[in-house]
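Structures given as C-alpha cells follow.
One chain, subunit A, appears in both complexes that follow, with subunit B as partner in the first and subunit C in the second.
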Partner chain A sequence: MAIEVRIPTILRTYTGGEKAVEAKGDTLEGLIDDLDSRHAGIKGRLITEEGKLHRFVNVYVNDEDVRFLGSLETPLKDGDSVTVLPAVAGG
Partner chain B sequence: MRYDSLIESLGRTPLVGLPRLSPSPDVRLWAKIESNNPTGSVKDRAALYMITAAEKEGLLRPGVTILEPTSGNTGISLAMVCRQRGYRLICVMPENTSVERRQLLTMYGAEIVTSPAAGGSNQAVAVAKQLASENPDWVMLYQYGNPANAQAHYETTGPEIIEDLPEITHFVAGLGTTGTLMGTGRYLREHRPGVRIIAAEPRYGELVYGLRNIDEGFVPELYDASVLTSRFSVGPREALRRTRQLVEEEGIFAGISTGAILHAALGEAMKCVQAGQTADIAFVVCDGGWKYLSTGAYAGTLEEAEAALEGQLWA
Partner chain C sequence: MTLSLPRTMVDQVVAHARRDAPDECCGVISASGDAAARLFEMENAERSPTGFTFDSAEWLRVYRDIDDADEVPWVVYHSHTMTEAYPSRTDIRWSETAGFPYWLLVSTRSDEDEVHAYTITDGTVTEVPLQIS
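Now for the complex of A and B:
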C-alpha cells in the first residue's frame, strides 16, 4: 500500500531533496515509522519525545488536518495523499 | 442608513444566498459579505475592537505610535481608524504581498517596514516583536494574541449571523490570526449546539514555508482547536477556481482567500447532499478582489494565475 507524502523544504535533508516520497502504513503513526525506516531521523522532527505531533508541524490527509481526524491514529488507505507543513502565521 | 462617521458604519454586513452555487434547495450556501465594511475587509471589526480596548486600558494618547505585523488587511483597517483618531501607525509587512496593499496603507498614512519573503508572516511577527522591544513606548496591538480580535467577532459577527440565519448548521471561515473563527465559532456554539465550525487554511507556495527549522513555526496565541470541527488546507489552484466561480456564477467579486473558504464550504455541502441532510452553510467573504488584480489572479488560464501567485502571500 503506497501513500504519497509531501515533504516541506526544511525536512528534505532527510529525503535526499525529494519533494514527495512514498511510504506505507494503515495509520499515520505506521506511515511515519515506515518513513523513518527509509529516511532515518525524520520521525524525530515530526513527533515529540512524548509521542505527540510536534506543535509546529501540521499534517494533512487529503487536505484535512489530522488533529481533527484522529491525530497519529488517523486511518490511511491506498491512494491517500499526506502533506506535511510547518505551522506559519497568517493574517 | 445614516451614521455619524465612517467607523460607526462598521459591521451589520449583508448575508446573501448563493442560488446557483448551492447544490440543492435543502443544502444552501450563504455569503457574509465582509467586503462591505469601511475599508473593504473583515479586519475592520478586529482593528476597531483592538484600538478601542487599548484606549480603555489607557495605552493610547493622540500622537502615540502603534506597531503591527500584518500581511495587509489588518494594517489597512488599523490605518483607517488611526488616521481618524490621531495615532501614528507602523506596519511590518512581508515583501511578497500585493502592491495594492502597500499603496492603500501609504494612502491612509501608515508607514511600512518590510520583512523578508521567506517565512511569510512569521518573519513579520519576529521583526515586529524586535522593534517593539527596541521601542518600549510604541504600542503593539498584536492581532495574533489580542483577545479583542476574537471578541469583535463574538460580539458582532456571531450575533449578526444568528439573527439572519437562525437555522445555521455550518460556519466556514479563513484561518489566519484565528480571530474570526474563535470569536464567531464560540458564539455560534453557545447558541446553536451542534453547529459545525470549519476552518479553511491557505496553502501557499514553498517560499512561504521557508523556515530554517521547525522551531521557528508559529501558532497564534488566540488559537483554540476545541472551537473547530475540522480544518482544511486549500491550495492556490482550488482557491483561484472558486474565486472565479463566485464572480462568474453569483456576481460576487472576492479576494483569493474567499475562494479557499468557498472550496471548503462546497466540500461540506457535498457531504450533506450525499448524506441526505439539510444544511445552511454560512461562509465569510473576507474582502473584495480589487487588491489582488495585480497578482494576475483574474486574468488568463488557471495555470497562468497559479504560476503568478507562486511565492506570494495571497490571503
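Now for the complex of A and C:
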C-alpha cells in the first residue's frame, strides 16, 4: 500500500532533496514509522518524545489537517495523500 | 546582505497591520530566484493582540500555490501592536522550524510606521537592511 507523502523544503534534507516520497501504513503513526525506516531521523521532526504530533508541523491527509481527523491514529488507505508543512506562528 | 522589497509590498504589509490592529496580522512573501514574487495576506487563526498562527487550511493552499509556481516561501511578516518591531522570544522559537529565510516585523504601536527585517539563525537575531525599491 503506497501513499504519497509531500515533504516541505525544510525537511528535504531527510529525503535526499525529494519533494515527495512513498511510504506505507494503516495509520498516520504507522506511516511515519515506515517513513523513518527509509529516511532516518524524520520521525523526530514530526513526533515528540511523548509520542504526540509536534506542534511545529501540520500534517494533512487528503488536504485535511489531521488535528481535526484523528491525529496520529488517522486511518490511511491506498491512494491517500499526506502532506507535511511547517506550522507557522509567533508572538 | 539586504532584503529588497517593492514599495507596494511594504505598503501592503503596513496597511494589513493597521487594518488588523489591535490584533496581530500575518502573511507571506514568496520569491522567485532571489526576488520578491507575490504577497499573501494570511488569516491570524489566533485573532490575538499578542500572537499569530497561520490558519492550517489556508497555509496549505498558499504553500501549494507557491510551490506549484516554482517559487519559495521567502519572508514571513507579522505585526506587533504594542511593542517594537523586533522578534519576540516566541518568534525566535518558531523561526527554527518555520523555514523562512527572513522575518519582517511591523509595529503599529505609534502613528509612525516601523518596519524591520531580520534573519533568525539558531536563535540569533540579525537585522537585515531593508531596501525598498
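Just so it is clear, the second predicted complex is superposed on the first by the 88 of 91 C-alpha atoms of A that agree within 3 Å, B and C clash if a C-alpha of one lies under 4 Å from a C-alpha of the other, contacts with A are read in each partner's own complex, and residues count from 1 in each chain.
Operating definition for what follows: a residue touches a chain if its C-beta (ideal position, glycine included) is under 8 Å from a C-beta of that chain, and two chains touch if they have at least 3 such contacts.
Remember, predicted model here, so these are calculated numbers, not experimental data.
K.L.:
First (subunit B), second (subunit C), both or neither: which does A:Ile10 touch?
P.N.:
A:Ile10: touches subunit B and subunit C.
K.L.:
In the overlay, answer first, second, both or neither for which of subunit B and subunit C A:Tyr60 touches.
P.N.:
both
K.L.:
Once the complexes are superposed, what residues of subunit A are shared between the subunit B interface and the subunit C interface?
P.N.:
8-10, 45, 56-58, 60, 63, 65, 67, 83, 85-91
K.L.:
So in the complex, the part of subunit A that touches subunit C is made up of which residues?
P.N.:
Per the stated touch rule, the residues are 8-10, 19, 45, 56-58, 60, 63, 65, 67, 83, 85-91.
K.L.:
Tell me, which parts of subunit A touch subunit B in their complex?
P.N.:
8-10, 45, 54-58, 60, 63-65, 67-69, 83, 85-91
K.L.:
For a test of understanding, state which residues of subunit B touch subunit A in their complex under the given definition.
P.N.:
69-71, 73-74, 119-122, 124-125, 143-144, 174-177, 179, 199, 201-204, 206, 208-220, 225, 228-235, 315
K.L.:
Within their complex, state which residues of subunit C touch subunit A.
P.N.:
26, 46, 50-54, 56-57, 59-60, 63, 67, 72-73, 76, 78, 87-91, 94-95, 97-100, 103
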